[in-house]
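Encoded as structure tokens, the structure appears first; notes follow it.
Each chain carries a letter (A, B, C and D) given by its place in the written order, and its residues are counted from 1.
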């Protein structure tokens, strides 16, 4: 509980700062009107009496790697439950596997009674890259770090049910048309389902409250090809379609608020470099095991994360090479260099980066964002090394395109860790 | 003189740190064996008795914008003079204009007696971009900020001489074949001449001591198109050819040093983002005018830089938008965000960024580099927004290509400013 | 009637020849099992008692330019009616306009009683070309040669009905899943709807009996950009998706016929160059007006085709330049040149090329094809001049890809003209 | 001699027709002012007293495959000798091998006394394709069909001399600047040397009398990748540079003839499809061996061509698949199909296609061209399947670019065969 005491004011002050924007550039969609701090306070007790919001408004689109799984668990344990539906897309694992993992996680979190809908979606990208992006080994073939046979057992009747016939993209279109402006989407995988929904209904985006996306590279420091992040590299055309739709929307003359201020972009982006610069400390996981060695969720995270952690360390090894260099410079500090930046970068990389969990936490509570900015974001479809790359118009050099995306640069890591700990420990 | 006292130990300690690399990754070519600190100490007195090195070994390849001009003046006032030749390439201004500007600068620096050779080179990129990159207005049409008619006059007989018939690329090939391993090149414009030299003589790079290049974007924060820097965007194929040649060289099995350690890459790169993060303070220019209001060089810099400064301020205006956001965060410092990075970024951007001058100063004294790393660098030729973009293999995701380039991340700005002040004030 | 007498044996013998393939390469899908010659014989009498096939199996996907309109009329006047549904796609005209034009044509052909379903589909390409392909002016803004106000009137109650909510792509998926192997599709516009159906249901193509496509260039003689045909250039990714799906299908090991012979590709392609080399004589239109000056269909064709004919003549003017050259060679015949080819080309170009009508006629009666071959066809997505280009593997140079498409090279123009005349005169 | 009697009038009448152009489109540069029919008449006697033209004006740029070798021999046996120099480029074989082969051929033709200059040029393309185009096996690794050890011996002192230091591109620049308007170039390999010459001297093309190029695909029927011909695919940027230079030249306002008629483009192109449609009959080679079984040139052609013929037959096998189809149609001739075209195509493909020999013969005697047209030609640099593809603006769809190239469509095969027989038999 002490954690919460520490956290609450922090979140509050962060929120305050955040709500005092200097000018119109400071735009962040209200991603969490329906999930206030009080919901978080009740997480611990949620296990006993899970309740659905009277009007659940959250849709999760996911390709069900490990960080997707933790992200879904974070949302499942919010009480009252905001989750309306989960739509599954091909990416870290195939769609059929993703549907099964999703059902397992709902059962693991003891939330089967809530009637959260699960839809299967696109089984492949619109136009696959050649060669296809290689899978990061951390997720395992099963999306559970190849530890499926060691997971906590759940008793469930629905585990092996087929998903409904309705395609995820059609379900998305139907839902947002039934309740325009109501649903918030958190997109944790390749954007194929979302792009299909936009293609089937060109007004789809205007009827969504917001979409929080995990994906893309800020600084062309690619984790899939040289310059692109996996989710966007896996289906570049889908990413292109989503950001282009937001650009069309933000350029429409009739999109005017009463104040004359342009509305916030529908898209909020948590990019790869932002997540890796905000990694969780390894000690967080030790702590989970100390506090709660035997709850289903703590056993789950301990089981699936072993492989993930190993792979994060490989990533870290890459970065140690930079550290060796900067270490050599410690006695000649260079205030105007990018050394500080890199030092900090490495420190953070030596940690556990649950990319999708950050996007989910930000979607559940916008006050965790400490730094963001609306930019024009576009997706490169061609090139030898840059297919799927995200390009910000940093210097407005091209002067093309409106601000179609709120890009998250900074998050309150302590608060993020506290939320994580609260659910898993 | 006090400046020098401050500077000398700093440079020394920096050099020491620099020479204590932790491992083989810490590679920096010896770009300045022939230009020790003693040369800098004599700069002030250089005006009276300019002397050529017995064996001048520096070749400058330039497209003669304003920062090129200051860079050349910095080299011209080193005594004994290390400059063997200047090769001119199309870029900021046409070649014929560049040749004239070069001759003017040699006369302005009172160095006509030294017999520095000036060659005209490529009048256009190998394969021009469509549409061609727009020119940054700071250089003016004449490369002197449109202030040609207000420049200090020089008396010179050679000012309007035609350059020799020999093409710059052929001159480069001839020179490095006459003295393999002797010449260091500083490339300040598009790489067309260097690429032609490599194409005409595939062993060109192995016969060069080193090439310091100003160009390319570290973080895809393009100043020409959305992701590319002007020099590389102006002639992407040329940049491709140069970095590909260095990659071939670094992959050759027979390139082995006695110690078994791979040799340093021939290329040292000072990228755009590094320069803009190390801008000179505006006060530096006030100081030049205070100390030396009427010397030819101080009058020159005051005259040509007016337009350049204006345009730097426009650039700064772009960045103020970020500052507004980060200012809102000042009372909730977020240690694990990229906010610090941006704050620093903006502070530096509100300054005078003489990109080419930095590359020249680094070439003249490697100890000014405080942070660098050998990476694999490649140039993107395709794409809608990424033609001419430089891509580092940050995470070795592609695992293709050796370390073909030493990338400069940090420089000692105080020392850089001191060197600048010493020549111009 | 004499026309028919002449035609029937011709068609028969052609069919016979066609059914005597020399080897497995000679593959043509049975595109017309359900539309035998007897149907054509009854066309004249169809007006009086339109009847639906007990099991209509034809779906037309169209962007409703003028040639689409004539193609649909050709299908509408077959009796018993084979048309199950029409799906509309953006291309020559917007979808809403296309739906209205479709309803008008059904009424004009006096076939409202048949209950043919009309679905609206994709309102834009998946990833639009930049700049978008220019519209050929022949269709007019209304798809009726800008002659909407001069068309024959129809009395219809359904003319301004909204189409059903179901998206064309979903309707396609639903229909083929209800009757796998039953439906034949004729695709006359950009392939957006078909590509969406394939993306929504990866097995879509295997459940379709066949798809006849009008689109693509055989010889890179583009009518939209330099190398691409309009339908494919308007939505290159859609075309890519369709041909890639056929390639996957033809590569599946389990796709084996009892004879060990690979099954015919699902796709039959009528490319641009094939249509322009098989143009209808201008006299055909004079004849329609002579024979039947006042029937609704002859008045329709006379009204809408005026602009189309004009534009065909512009096209012909382009080709006259070639004729001038070849005319100069008439007294020195060169048997082994490509002159003959061009002479023939020009002769045909001086005519009325109803591209989509050919595809429809071929779909209604495969025996009209006199020459075809199964090839591997792929769509280029990149390039400066070749985005949307179709590339055949003429020399199997890449040795990649199976034969995914039957390409139509030759058609029996006399028979095509006879069918056309029969419906419109 | 009887051959010549037959040939001469044919050539004459062809020439006559050719000189009666109907309009300005009919443009062919005067590629052979200095090589009239009388030169050909004296070929037989040339062996005894080889003489150089007082002013030799022909430069051959070649990558020395087998057809290059035959092309060079054709030029070497013209008397008086028009050959000024040979420049060697990387392509079918490496440059050093090409230089050696060139010297061997000069000796074989007994023309060492003429002082023809041989220069080594570019050893690699400007920007190599990835993966590099595969070599057609017909040339062998040595450019002599892997038959180097069975070739007729020559006695020569110069065979193993190093080429001069001057790079081929510099030699080209020097020569055309010494005699502007004098030299005609025949380019038989990748265009790297020519592109370098243009880059080194932007006015190079205006100082050349003409360039006849073998390369490029008319109909995207690629022999290297799916759509591109080997010479252009091997160095796409070089081809781009050459055609772009011709476009610049033809667009200059001041390029006006006294008559107001635009001058002929400097470039004449003999594309891949034109050569394969004009193959020599296999019997030609039997005839050579019958007439002259033991002369050095007949022995040479018999030795080197074995592998080449084999590979041509493989090519033919590819085409037989088409024949099977068209054979099935023989009893239902389809006058308006492209079947005729294909039938003819196959007939010709079943033959010996000495691509470079045709370009050389056309350069030596323009009257062998029976059909040609000035077009705008551009080279595609991007794309997945179209890098290096040549694109004609067939329908002026882009309306960009002037007529920068005379494209050869038809040649007098009988005359070509007669010329070939005359030299080799």
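By our rule, a contact is a pair of C-beta atoms (placed from the backbone, for glycine too) under 8 Å apart; a residue touches a chain by one contact, two chains touch by 3 or more.
It should be emphasised that the depicted structure is a prediction, and the values quoted were computed from it without experimental measurement.
In summary, the chains found to touch both subunit A and subunit D are B, C. Greatest centre-to-centre distance from subunit B is found for C, with centres as Cα means. Per-chain Cα centroids separate subunit A from subunit B by 41 Å. Put simply, the C-alpha centre of subunit A and that of subunit C have 45 angstrom between them. One simple way to say how far apart two chains are is to compare their mean CA positions; for subunit B and subunit C this gives 60 Å. Those residues of subunit C in touch with two or more other chains are numbered 381-382, 384. Every residue of subunit C that touches subunit A in the complex is listed here, in rising order: 122-124, 126-127, 167, 169-170, 196, 199-202, 237, 240-241, 381-382.
Those residues of subunit D that touch subunit C in the shared complex are 10, 13-14, 17-18, 20-23, 25-26, 218-227, 273-274, 277-278, 315, 318, 321-322, 324-329, 331-332, 334-342, 344, 348, 370-373, 378, 380-387, 389, 391-398, 409-413.
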